[in-house]
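After this come two complexes, each holding subunit A, first together with subunit B and then together with subunit C.
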Partner chain A sequence: MGRYVIRRLLWTVLVVLLVTLLTFVVFYVMPPGNPAIRFAGKQPTPELIAQVEKQFGLDRSLPEQYAHFLRRLFLGDGTECPLYLRPACAIEPVEEFVVLETPGCATGVSGCGWPGLGMSFDSRTAVRQELIERTPRTLSLIVGAAVIWLLLGVSIGVLSALKRRTIWDRLAMGFALFGISAPVFWLGLVALWIFTVKLPFAESMGTGYVEFGTDPVGWFTHLILPWTVLALLYAAFYARMTRGNLIDTMGEDYIRTARAKGLPERRVIFKHGLRASLTPIVTMFGLDVALLVGGAVITETVFNIQGLGNYAVQSAVSADLPAMTGVVVIVAFAVAFMNLVVDIVYAYLDPRVRYS
Partner chain B sequence: MRGKTIAALLLALSLLLALGAAGCGGDDDDGDGAATEQSEGVDEGAEPGGTFRTATDAFEWTGNFDPTGEYLATFFGLYQNLLGRTLMGYNHVPDAAGNEPVPDLAEAEPEISEDGLTYTFTIREGVMWGPPLDRQVTSQDVEYAFRRIATPALVAQYGFFYLGLIKGLQEYSDAGGLTEDPEGNEAIEGIQTPDERTIVFELEQPAGDFVNRIAMPAAGPVPEEVAQCFLTAGEYGRFVMSTGPYMVEGSENLDITSCDTMEALDGFNPNQRLILVRNPNYDPETDTTEARENFFDRFEMTLNTNAQDIFDQVRAGRLELAYASEPAEVVRDYSTDPELEDRYHINSGDRTWYITMNLTQPPFDDIHVRKAANWIMDKEGLRRAWGGEPKGLIAHHIVPDTMLNGVLEDFQPYASEGDAGNLEEAQNEMRQSKYDTDQDGICDAPQCKGVLHVTRTTEPWATMAPIIEESMAEIGIELNTRQFEDSYTIIQTVKREVPIASNAGWGKDYSDASTFMVLFDSRTILAEGNVNYSLVGLTPEQAQELGATGTIEGITSVDADIDACNELLDDERLECWADLDEKLMNEVVPWVPYLQGNADFVISDAVSKYVFDQSSGDPAWSHLAVDQDLQQ
Partner chain C sequence: MSNAYASPRGEPLLDVRDLKVHFPTPDGVVKAVDGLSFSVRRGETFGIVGESGSGKSVTCLTALGLINRKSAHIEGEVLFKGRDLLTLPQDELRKVRGKELAMIFQDPFACLHPMYRVGDQLVEAVQIHDDMSKKAARERVVEMLSAVGIPRPRERVRDYPHQYSGGMRQRAMIAMALLHNPDVLIADEPTTALDVTVQAQILELIERIKGEFQIGVILITHDLGVVADVAQTVMVMYAGRAMELGGRNEVFERPLHPYTWGLLESIPRVMSKGELLLPIEGSPPSLINVPAGCPFHPRCPHRFGPCDEERPAFKDRGGGHPEACHLTAEDKRKLWVEREAGRTKVAV
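Up next, the complex of A and B:
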């Protein structure tokens, strides 16, 4: 298993690099216009455009730009990092890509360092700093929603499977239909309207993100609505998936054998039935969580949670290329990493699966 | 029987739905028009104190809040009202009075030499930098601002207003500016500071709008002891020091011992917030209440990605003002609900929205086609797409009326009933065009089909597109509409040869029509980043150099008219610009202007004083006040 994990991690790095290459082609090579023009003012002169191109590194050839991106990613921001963003503990870089060497420095509170993701064209801040600030917001949203949708979805799915063709099954699948059909943006706006406009006492559930360290209660109350809204869609999917899988599994011979052996029904369902039917759920869960890292755009926008998804859209709209590629790197890594986690959990759930 | 019952039920349901639909939507044409009148503001007995809270759905800084680089109107309004004082400023009031430059940092209007080439300003005594600088503003601080403008690495986006005008500034820029002269020791011929309160500008040629240019934030003083550490575009924006009534929160904590010790000010994060607090060194005796009243103690502008939520919060009293584009339903609510009407303020935004036509590309290389386009366009339909009457007056010419003191208010060369288009006149014009081969008033040459039309992906342009297509189809021009996220870059690239585009709008840089006429100056035509989208005045030599094809001979130029107007002052200057506007609409016809855009803002009932700032097109932050008892 250890060798398998190491091999997968190496593949993860390769996958991330391939994704960055694809991203580079899509955003740097293919667009019809010169991104420097957008940042050179209302009436850009050729001199201003040239200056912006130089500052953004767009005056280099495309292969040089990509090579520069890779070097910076692996070696750190180096001299591109403005003075006020470098960690106070940093050693002054003497070459363009020297890694900041002071122990613990590169992961300090400063914006620049390693991995080097460059400077945002738009805000002239270190992309790394933006991502460090935004990632906890997105993770807070995803983790909370994931807990809710797993608990809710699996529970409803189990109930529905066990009470097939009863009113409980109908209600559960009706819920699933609603959850799948209702657009997230509509759900979010309606939820806000009900809880923050019509119910003034629920003002604490308003939009925006509150740092956990600043106000844990505020963090929680401001996330209840976005958690619920985001979780509803996935809970619906998971309920249907769990129901279908459990119905199939409960019809297997080994389940009949377990019952024949006199095992309690609860044990038959949860230890033997549910465990086997959860493997596709686990696969789906891993991918869903990973994709939400940069993909919870609508929820983040509706609830003003300025996370990675929102940053990705803002960056795409404003042609902020380093910001976009920075988000892509994070998301690609998250997807690849979660795939690995899912495979490991899969092996735990299903003893037939072994990695060598 | 059962079938008939079902049919009857369906019919009843359809009728109900139709009635319901008829009751929804609609425009403001049936309103009483109150919401479309220019707002006179609110004044309910302003008291000092409190926090003024506003939110925006996008900051969109163009230079990261660095005064040297910023051209965003949002920044202009905030900076000039609250943060920084320039030699000349504005009184931050509506209408023509708000567009008139007045002495701000300077103690009086400049002394101007007979030949109009020398401007001398004297700085008021007692105007201090906020903490941590705690010193008098000097003429050297103003000079340093111009050194920054002339430093290519700082990407001064309005640098062209000064380079080539102030003697020696272009040469200083060509030599690298502060990048090569970090101590600022190299003399600039056209800027002299004989003492700490006097600054003299010498110009290459007369410029009747030099005072307006001096009133721009880039020309405001910059402290060398801080800014010298930030010689890359946008960096100083995290450290802006104050000469105004407010300062960025955390300014007092800035350690200016060395460049290494400075950390970005807490109160400004370009992606999240701008928080201003009172500048303890600001002396109201050095200012006027006409310019600034400074009621609130604290100002907060935060980012909220949900625009609807911003308006909900204003209505709930949790914000005082919504700094975001109103969704159509908000415009409808506030302009029709008697309880909300007085919280909706509309003023002229000194901005024109228009459809641009490329003079080199068929069929728009024919003036008769361009005139026909003006006749046929359903401008009222386009305004409805924007949200109706509150969004502005129908535009009939280039420069907004407020900037010409109403001189061209009655000039409507292509007027039509209800501004819905005049087919008869359009066809009369089209008959004179070479593209109407059978002279039936319909464009029928092959060049009339599949004409590329560029626009934006967002509203209201997406809704406008079919209206434009329908209008043009009436005179036989079939448009092939393409929507782009980055539509400006497309039309700014000459080689793309876009025949017609509806994504464009233009607002003043300062209140002088020259800032609009630059759009028709052939000397500003560039291969990329071009703003003379119509290519007015393009010469065959330029066309060859830029790779432009199509009709490149005989394109009318107005360069001489622009130069002539630029040398004039006051009323003569205004009349000259008005004449040029008429000439453009009658003899060149590069645009179909359709909307003189308003600036409209929604406030809460906790705002006890609201005034519009004509100079920036934004709320006059320096005159706003809150009633703390009404805040939530």
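Up next, the complex of A and C:
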């Protein structure tokens, strides 16, 4: 088991490395045109363009840029941090930077460090700082939603499989159809309208994100709607999948064996049936969670949660290369990491995987 | 009852009377078992032979209550030590299942849960019927695994099923079935999925166990060779009905039903080199539209007047044991002798 985990871990590192290369190629090599021109304003002078290129390292060769990108990513960018982002906030060699005023300076927070992800073209703050602020929001959203959809989806699926072709099954699958068909933006807006406009406890359930550290109750009440709306879609998928898997499993020979040895039906279902039918769900769950790290765009937008998905869209719209790269690296890491977790859990759940 | 055949000794352990198992489907009613009667005695190996879909497995699954009563229409009686298993409440039946009445299945590769250790699956089977500590249960499991010939059972209990060979898995299944010293062991094609050499070992094991534990064994198979080896009594089934039922020697040496003749002629006999193998023409009927009269008549070379109208009663027509064919005992004897002679003549 230990060897297996180590082997998988090495693979994960390799995958993340490959993704960074791909990201670099997609964002820095493939797009035509010089980002520095877009950046330098409406009527850029050649000098200004050159200055911008120098500032962002765009004047160097591509392999050099990639090496620099990697070094920054793995070793941090503390040493090359622009002066204005350093805590001392020294705004000295003015000509080296295009913009002087920055939020980093105002609060005295350094945006630099590990993992270094460069400066945003848009805000001129460190991408890393932005991601550090946004990641907990997105994670809060995902974890809460995942708990809800897993509990809801699996229990509905089990109910539906066991009461096949009864009114319960119909109701459950009707719910699933609704969950899958109802668009999140519509569901979100309807939920907001009902709970914050039509019902009295409006204040506590509004949009936005309240930090857990400052107000745990507010954190919860502000997240309960987005959790539910996001979870509904996934719960529907999981209910259908659990239903199908469990129905298949209950037809297996080893279920007949379990019955033949005289086990009570409850035990046959929950110990023998569910165990085997949940393993594919584990795989799906890991990947769904990972993809949501950068993918809960609509939910984040409807409920005004300034998370990673939101940031990904913003930076894509404004062609903010370092910001996009930052999001991609985080998502890639999340996917690789969740894959690793899934594989380990899977090996634990299914002994046949462990030994092959 | 039409079941006139009586085994020479012993009270019946399991007595099936006029069993009918019908499954309503959108295409019509599948008559998987249609009026079947037989009984099994202690110390007897009762062989049930027939093609796939002849109702062998359904009969046994019904006896164990493993056919969903809601999805099937079940009639008749299955008397086990005086109780009718068909009317027993689910909870009572569960206590019989795996304890007094145990079953092993065809495919040992699929019958053990792939995600639990073999030992744990057997321990669970012990503990469900006996209030016993896990440790004591494990001891019993190790003992039983050793009894069925699993080498190094103390280590192998910790293995997962995929670490066992097919033969070992079937041995583990047999061990599981024997944990509670049942009265009847139902073996549903226990050797079909195994290598021939392993087949012989498993059959031998079942025979040995039958002797040691003094149990009744129902051996379901489509392999006449297997039945000839170990069964004392043989029942030939076709389309959910019994065609012929008798002692092994009677059925193999003086078979009375044309279907049995067909079965016997379609298997190779090692001692009769050069003999022709004659397959039975046609294919088994759909159980939704079972032919009227004798279900075998469309494939029967000896059919005559009543065969396609009147269902032949299952009784002794003077041939020595009960069968379901309209021909007279005299005709049957003549026809079988002719067929035997023709078969060897062609070969010479």
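Heads up, the rule we're going with is that the second predicted complex is superposed on the first by the 324 of 356 C-alpha atoms of A that agree within 3 Å, B and C clash if a C-alpha of one lies under 4 Å from a C-alpha of the other, contacts with A are read in each partner's own complex, and residues count from 1 in each chain.
Convention: a residue touches a chain if its C-beta (ideal position, glycine included) is under 8 Å from a C-beta of that chain, and two chains touch if they have at least 3 such contacts.
Not measured: the values here are computed from a predicted model.
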{"item": "Overlay on subunit A: subunit C relative to subunit B, clash or fit", "value": "fit"}
{"item": "First (subunit B), second (subunit C), both or neither touched by A:165", "value": "neither"}
{"item": "Subunit B versus subunit C as contact partner of A:264, first or second or both or neither", "value": "second"}
{"item": "Contacts of A:317 with subunit B and subunit C, given as first, second, both or neither", "value": "first"}
{"item": "Partner chain in contact with A:34 - subunit B first, subunit C second, else both or neither", "value": "first"}
{"item": "Touching partner for A:42 - first (subunit B), second (subunit C), both, neither", "value": "first"}
{"item": "Touching partner for A:125 - first (subunit B), second (subunit C), both, neither", "value": "first"}
{"item": "A:275 touches, of subunit B and subunit C: first, second, both or neither?", "value": "second"}
{"item": "Which partner, subunit B or subunit C, touches more subunit A residues", "value": "B"}
{"item": "First (subunit B), second (subunit C), both or neither touched by A:256", "value": "second"}
{"item": "Shortest span in Å between Cα atoms of subunit B and of subunit C, once chain A is used as the common reference", "value": "29"}
{"item": "Contact residues of subunit A, present in both the subunit B and the subunit C interface", "value": "none"}
{"item": "For the subunit A and subunit C complex, residues of the former touching the latter", "value": "252-254, 256-265, 267, 272, 275-276, 279, 349-352, 355"}
{"item": "In the complex with subunit A, residue positions of subunit B that touch it", "value": "58, 60-62, 64, 69, 71, 152-153, 155-160, 229-230, 232-235, 237-239, 259-260, 262-264, 270-272, 303-306, 308-309, 312-313, 315-316, 318, 484-486, 488-490, 492-493, 496, 509, 518, 524, 526-529, 531"}
{"item": "Residues of subunit C touching subunit A in the complex", "value": "64, 66, 90, 94-99, 102-103, 105, 107, 110-116, 124-125, 128-129, 160, 162-163, 173, 176"}
{"item": "Touch list for subunit A against partner subunit B, complex", "value": "31-34, 37-49, 51-52, 55, 82-85, 88, 122-125, 130, 189, 192-193, 196-197, 200, 203, 206-208, 300-304, 306, 310, 314, 316-319"}
